[in-house]
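To keep things clear, I will list the structure first and then write my remarks on it.
The first chain written gets the first letter, and so on, giving A, B, C, D, E and F; residue counts start at 1 in each chain.
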Amino acid sequence: MSNAKENLNATKTRLIAISNAAPEVMRNFSQISKVASSNGSFSSAQKELIASAISVAIGCEDCILYHVNAAQRHGADENALIEVLEVAIEMGGGPAVMYASKALEAFRSLT
Amino acid sequence: MSNAKENLNATKTRLIAISNAAPEVMRNFSQISKVASSNGSFSSAQKELIASAISVAIGCEDCILYHVNAAQRHGADENALIEVLEVAIEMGGGPAVMYASKALEAFRSLT
Amino acid sequence: MSNAKENLNATKTRLIAISNAAPEVMRNFSQISKVASSNGSFSSAQKELIASAISVAIGCEDCILYHVNAAQRHGADENALIEVLEVAIEMGGGPAVMYASKALEAFRSLT
Amino acid sequence: MSNAKENLNATKTRLIAISNAAPEVMRNFSQISKVASSNGSFSSAQKELIASAISVAIGCEDCILYHVNAAQRHGADENALIEVLEVAIEMGGGPAVMYASKALEAFRSLT
Amino acid sequence: MSNAKENLNATKTRLIAISNAAPEVMRNFSQISKVASSNGSFSSAQKELIASAISVAIGCEDCILYHVNAAQRHGADENALIEVLEVAIEMGGGPAVMYASKALEAFRSLT
Amino acid sequence: MSNAKENLNATKTRLIAISNAAPEVMRNFSQISKVASSNGSFSSAQKELIASAISVAIGCEDCILYHVNAAQRHGADENALIEVLEVAIEMGGGPAVMYASKALEAFRSLT
């Protein structure tokens, strides 16, 4: 996680490979992602923060990097990130504390 | 889930029992819940919806009932619920579809 | 689980409701399911058994009912089910034993 | 969970069925269980409480019933149960609170 | 994951250490693994692919390396791997996409 | 995990950052941890081993490092660690074997 940018790039390279290997599944998955992060009652930035909170709660490090970065690109600020991390900690206890600390580190090093 | 109100009441009765059995741990947990669902960048209703989405992603049925109900009491509407369920489905695939359908059913039967 | 048919029907009713509530996400998810269970190196029946094994490993009871039923409709026999349940137990220990026993019960009562 | 004895009996019936269906896997699994719950630095009762705490942390209701019952049969008292439930809540947050409350209810109704 | 061979070797070294530390539990676990991956309705290669799919769905990176490697040694080809990864993505959403991409990378770099 | 001390230090640095970012949530969480690991029917060392076993069962590597280290500082010996790892393997199958081997490695390299 200390090399957030490098790890994020490696993740994106792998995503291209799996998209080429399973094109129809991945095309539909991308469409789900697009709909799930579109502006609505929640903004795109907020939705990417929700995806970040879920990533923390389930302990998926690549997901944390990916969605924290996406939230940031949509304009999310650190206060809003911290709020969703607090919900994740409520819902995930000690392990969520560990992954929330990685999400915060990723947010700060990807700025 | 078809008896959402009854199950929610049974859950709340159990929560009283565990709070009496482990008072110090539960007092601190309640404080975390209170902070995590306070108004901020996200409203309390939105934060309870985020907790609902995490509940769906991890498949905790009592949590779904509890947080969907709390979101509703804070004024969340069905459109906002559906948006967070879409994020949960993006992050949880088929099992999240199953639990999202229970969250929607709970929301409608608890109204 | 003792009322497998009834529970499966309730699940399918809920799936219709979530499909109406989140049509675009669910249309793409259905397409993923369709591709993921199409005939290939593995038959459709085998792929639904793999989905059953994953359902057991992650402890999603609605998913167990749904995919065991789908495997059965595609012609899977009990011996093949038991083999994938053994892999699920290898990968999930005691909890997988519990859910594998529910998958077996569902398979037998849905026949 | 309100019918703990009935649910535990149904679980045990299913365990017999899966043991007959997958005899070699289940024989080895039973041996693991036997070794893992034998007296050592921790007593058998304590080890079944540890299995109960893990069951709570991962949200497996049948496992909760099974291991809480086994702990009780080995002589575990409620204070010791509550202590491991506190560790489970530390490690599992809100969902663990829900399942811990079920473990406590099971312990009391199975006495 | 970029150093799949190195990581796999480190995993195997750790497995020897835990096998020496907990010999009876590990002997029975190895027996379960042997039975669960024996030829039957599914071939050994297919069963290791199923274990790989479960590993992806639950996000265990060492398991991905171990079972993808075992599948490969039993003669699994990439098309069959991709099919089980599609089922894993159906059952695990975004996080499964991330881990599936690691399984694919491992398969290619371990060849 | 081969650099257990270094990784543990990085984890502790991140924990300070998240504690500063979410002070009220983290203060209450620390209080839960303190109560959950206090001497009682189980000693503090035993309770940290239980937290280690849960960490193994759910696959949280930072948690493994943190709680194995805490158990060690409270005087836990390797035999007691191995016993809880056996329970974790009973409850978690193959993935727990992988994470148990990391817990053992961490215990030995942090001594």
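Worth pointing out:
Everything that follows uses one rule, which is that a contact is a pair of C-beta atoms (placed from the backbone, for glycine too) under 8 Å apart; a residue touches a chain by one contact, two chains touch by 3 or more.
Only a predicted model underlies this, so the values are computations on that prediction, with no experimental measurement involved.
Should one ask which of A-E and A-D has more C-beta pairs in contact, the pair is A-E. Chain geometry summary: the mean Cα position of subunit A and that of subunit C are 28 Å apart. Averaged C-alpha coordinates put the centre of subunit E at 26 Å from the centre of subunit F. With centres defined as mean CA coordinates, subunit E is found 35 Å away from subunit B.
Shown for subunit F are the residues in touch with two or more other chains, namely 25, 29, 32-33, 35-36, 51, 55, 58-59, 63, 86, 89-95. Taken as a contact graph, the chains are fully connected, with every chain touching every other chain. Remark: subunit B residues 10-11, 14-15, 17-18, 21-22, 25-26, 29, 33, 51, 55, 58-60, 62-63, 66 touch subunit D in the complex. The touching residues of subunit D, when paired with subunit B in their complex, are 1-2, 59, 78, 82, 85-86, 89-90, 93-95, 97-102, 104-105.
Listed in rising order, the residues of subunit E touching subunit C in the complex are 32-33, 35-37, 40-42, 46-47, 50-51, 53-55, 57-58, 63, 77, 79-80, 83-84, 86-92.
Contacts from subunit E toward subunit B in the complex involve residues 89-96.
Remark: subunit F residues 24-25, 28-29, 31-32, 35-36 touch subunit B in the complex.
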